[in-house]
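There's a structure below that I have some questions on.
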Amino acid sequence: MAHSTDSVFINLGPVHPSTHGVFRMRAHIDGEVITDIEPVFGYLHRGIEKLAEGKSYRQVIPLTDRLDYVASMNNNLAYCMAVEKLAGIEVPERAVYIRVIMAELQRIISHLLGIGSFFNDMGTFFTPFFYMFIQKEKITDLLEMVSGQRLLFNYMRFGGVSHDLPDPFLPALSQFLREMPAEIDKYERLLKENEIVLARSRNVGVLSREMAINSSISGPVLRASGVNWDIRKADPYSCYDRFDFDVPTGSNGDCYDRYRVRIEELRQSLRILEQAVSKLPKGKVINPVPLRFKPPVGEAYSHIEGNKGELGFYIVSDGSDKPYRMHVRAPSLLNLSALREMLIGWKLADAIIIFGSIDICLGEVDR
Amino acid sequence: MAELILFPASIRSELPFGFWLHLAIFAIGIIAILLTSVIIFIWFERRLVGRFQLRKGPNRAGPFGILQSVADVIKILTKEDIIPSRADKFLFWLAPVIAFSPVVVMLAVVPVAGGALLADLDIGILFIIAMSSITSLGIFTGGWASYNKYSLLSSMRVVSQLVSYEIPLILSLVGVVMLTGSLSLDEMVNAQNVPFILLQPTGFFIFFIASLAEISRSPFDLLEADSELVAGYNIEYSGMKFATFYLTEYCEAIVLSTLTATLFLGGWQGPWLPPLVWLLLKITLVFSIIVWIRATLPRLRIDQVMGFAWKFLLPLAVLNILLTGSFVAFWPEAPSWMIGIANLVLLIGYILFRSRFFKPGGVTVGAS
Amino acid sequence: MEVRIEPCYPEIDAHESRVIEDLKSSSTQPIAEPSGWLDEEINRNILVTTVDKLLNWGRKTSLWTETSFTACCTFEFISTSSSRFDIARFGMEVLRSSPRHSDLIVTAGTLTWKMAPQIKRVYDQMAEPKWVIAMGACGISGGIFADSYSVVPGYNRILPVDVYIPGCPPRPEALLAGIEKLRKKIEQSSISNKS
Amino acid sequence: MTIKLSREIINHSLHEHVSSTDYSFESEAVVTDSASLVKICEVLKSAPGIELDYLSSVTAVDYPDYFEVVYLFYSIKHNHSLTLKVRCPDKQQPDIPSITPLYNGANYQEREIYDLFGISFVSHPKLRRIFLWEGYPGHPLRKDYGIGS
Amino acid sequence: MLSEFGLTALFIVIVLGFSVSLVLIPVALRKPGIVPHNPSDIKSAPYECGLDTIGPTWVQFKIRYYFYALLLITLDVVIIFIYPWAVELHNLGASGFWPVVSFLAIVGTGYVYAWRKGALEWK
């Protein structure tokens, strides 16, 4: 490995405080500037897709919780929708609305954690992170009221949801919806026009529109580059076509735009939640499906707008009660395919910020 | 009465070996006071940062958690210290000593109640400036000697940062020296019937920001920017050697708060309370501002930090010297509020003028 | 836009895979807990001198954790150190990133064979009085992924574990209870019998 | 709504470049063999009315008598999608041309399929294992690979 | 006045002795077993996120660090001249002010030259 005299080969290894888990990058650094970088994956590869082939359809739901462990409601929703599409199961009206409420609450949690750790990488020593964590704890209480778990919920079933909403849920949710916008304005006051935040993240790690589309990037990172592509609008699923909300997009695709897109998406999720709560119909919450049910032979692909991007499940069934093949379209892994173009040429401190602004979850990258 | 107890400068001549007695009392006194105040301030900072983050700080070890830092000291004292095999052994052991001792020595010239703590040097300010530049030497030796890529890169950055911020730090004190007409700190405190922060706002602005960078605290804490280079230069240090670096950081924070209090906030002068209490109050005030900045502001990148020192603070410091100099030279008996207002106008005008170049986010700070 | 070819280092990859292979073959049996502190009789007759009391109190009160978190339990550890279940009350909010300064590893997450050599090396490089908390079902026995081809069935194959905290992920209260149990264990350790 | 490309549109846009024998239509997917894969992708990417410029996902399935690699394309501008399947019958030496030069997003997905299935992608810039370590025996997601570690 | 400097010098010696003893306490405590000490080759290898280091660690540095050293020395010399002048300015009056302004102007041109040439940029 001949490398120039003063370029140092360094590896921001798996045990590193700011790599969001066990992500590793081998970097060539020339003084302060990164000349080349090679990401190394696989430190959290648990073989979920192989395990799913050995479990029945119902047993796979807890496995999907652990894919993107910050967005377990969305993972459940995408998997259950794929199996329902495969087997043609109908979902009652109230369950569809409950699913949308849970998915949007989970999106708020995931964005809060993404923005919080982005500012942690920038060096604000946990203060915005803990302010956002207070709101996250409030949502965690709501979701714990519904599913009994704090992080990995295992709440959705084929044909609906496992439990109906307990009585104190709706008043608590509307109380949360009343106070959340003020909290978002509080974050904005500290961080929106902060001179150092602007200096560190404006025009840093720019991802052009063509490179984003060509590298099949999805979610807030794609929208920050100016592409107006949101599955909830492009290919509406469950009942998103009954709510009106808009899709925030950035202008020049740098770290600051990704942060702005995520903050705006928080506000849009609140709008959706208000409309969903007001239109929540009555009725049963599940069309029960036998425990060991056998879907017809065939395949189905269904995708939703997860919080990291387009989360899709491709399921092939051979008529038995175990899925023949389950593939997960992991937005976190695909959002990293443009990582090298975004990092090379920037300084080490920028690389950490750019990586933080992509906001990946290692459970989904390595599956 | 306070003078007699605190400063038996007079006893130095009467008692047979008064000189040695004075030295013994005050040397041990300074080291003891500094160490206990470091322990208290570590606990104070963790509690204050806890309050900023809406959580309680350490409160299980002793009443209000006051013994938390004592427990930290006991644990780290009896921690195994690892010596990397391919490190430069002698320099590895020497680095904490070079980093820690100048910081303690700086306290010798700080005036409390009429006389200096230990030695009333008439060149007090120069002594402090000389000592403050040795610490960066110790930090770089530590980074280089521990044979680790991360610590090497980090110590390179740290030395460049400390070196770049020494110049504005020193130039900001020239204004204070002009107004008092002497280098000894004691004179400066006595000359402060009006605290210099009102007479010299630019000097205070540059001094405070440059000292933030000297102790590498929040907006400039490249030193242990753990999000970038793991743990900065003290990766390979464990046990008491790491604690000495940790102590250096806090001692420097306290010493620079003392300097800010002495030079700009009127040192130990104060209406009702005894002088020592006034000094401690002012130190705590400045320290909590430092902790407040650490809990809120994100970190600047290394090239912005350097650009800020060389391109923003340095011209401002020279302008401050010229303005104060012209007052002292041409119009010595100008009313003090006139000097203060002129200085403030210079500060605000300069910031507005320069910020036209740094549009928010348009052009990164430091690149003109 | 031309795509730059990613550099690849065949010999480093080969070396790392050899390290993983022989670690995988060597660690088939769980490593015994450091001290049989569970059975009370042995412990009753350890003479815990006053020096021990002071040292144990110091080490118990200021436990600095190493940031080597892997998966889902990370977020339960962070919510424990956040404003609601504040771990800072026990002086544990100091997250040191270098193993030289820290004395406690909280293994928050699933351990895969590819990650095992790194965690073992970080544990070996920690300064001496060090403890390990195996957090979550994946830390104890591989949890829901126990029969997967690339998951280590439990951290005690790699590291001597002091306290096991069940749960997937364990609630913050369970984590605080586990930390309390570790502090009790440190109280009883003594320099003399090298526990 | 993301509409699936109908057969007439696909036939119309492909007939100059690709002979109709190379591809056939299954329930809602275009099935082809590895020879004409790259050609079809190029045509569909640049055809005026179609412009499938977004490769959503690449995945593989180990059927009893052939490996099947499934590509899912979108067009962001026209909001329609297309599923393309490639089958390679011999399971000892499966190799398919790589479309990473065309779509940068396929890089890591093809490496993942190579790592877990053993299907080698010809002219892939860096065809190495992505999740498992280099010396790992066998390819886990194949049906003949036992679940045990 | 000399005793003041003597005091400071002795104080420096005391502080050096104190900090050396501070660093050596754990070495003294090793024998009674209070401080555990069992080095191993992995433990004393450099830490790099759980992997052994590849490539040399002590490599040459960029030339740009040298610019900063040069600029520091020139401005330190400026400070040495300015401090005594600042002390005596109130006696010197106007006649003492203008020479220093011209001195600062000369150093200023050198500084602006370095700025335009990009010596202050941190690559």
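Going by the order they are written in, the chains are A, B, C, D and E; count residues from 1 in each one.
In the analysis below, contacts are C-beta pairs under 8 Å (C-beta built on N, C-alpha and C of every residue); 3 or more make two chains touch, one makes a residue touch a chain.
Nothing here was measured: the structure is a model prediction, and the numbers come from that model.
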Common touching chains of subunit E and subunit A: B, C
Chains in simultaneous contact with subunit A and subunit C: B, D, E
Inter-chain pair with the most contacting C-beta pairs: B-E
Maximum centroid distance from subunit C, chain identifier (CA atoms): D
For subunit A paired with subunit B, centre-to-centre distance based on mean C-alpha positions, whole Å: 44
Approximate Å spacing (C-alpha centroids) for the pair subunit B, subunit D: 62
Centroid distance [mean C-alpha coordinates] between subunit E and subunit C, Å: 39
Where subunit D touches two or more other chains, by residue: 104, 107, 131-133, 140, 145, 147
Multi-chain contact sites of subunit B, meaning residues that touch two or more partners: 53-55, 77-82, 149-150, 226, 230, 235-236, 239, 302-303
Set of subunit C residues in contact with two or more other chains: 3, 6, 8, 16, 55, 68, 82-83, 97-98, 100, 114, 118-119, 122, 125, 128-129, 147-151
Touching pairs - complete list by chain label: A-B, A-C, A-D, A-E, B-C, B-E, C-D, C-E
Subunit A residues touching subunit C - in the complex, by the definition given at the top: 1, 13-17, 21-22, 26, 28, 36, 38, 42-48, 50-51, 54, 62-63, 66, 69-70, 113, 129-130, 133-134, 136-137, 140, 150-152, 208, 210-211, 214, 340-341, 344, 362-363
Subunit D residues within the subunit C interface of the complex: 100-101, 104, 107, 125-126, 128, 131-136, 140, 145, 147-149
In the complex, subunit A residues that touch subunit E: 1, 3, 5-16, 24, 31-33
Subunit E-facing residues of subunit C, complex: 12, 16, 51, 55, 68, 98-100, 117-119, 121-122, 124-125, 128-129, 191-192
Subunit A partner contacts - residues on subunit E that touch it in the complex: 48-51, 54-55, 59-62, 64, 122-123
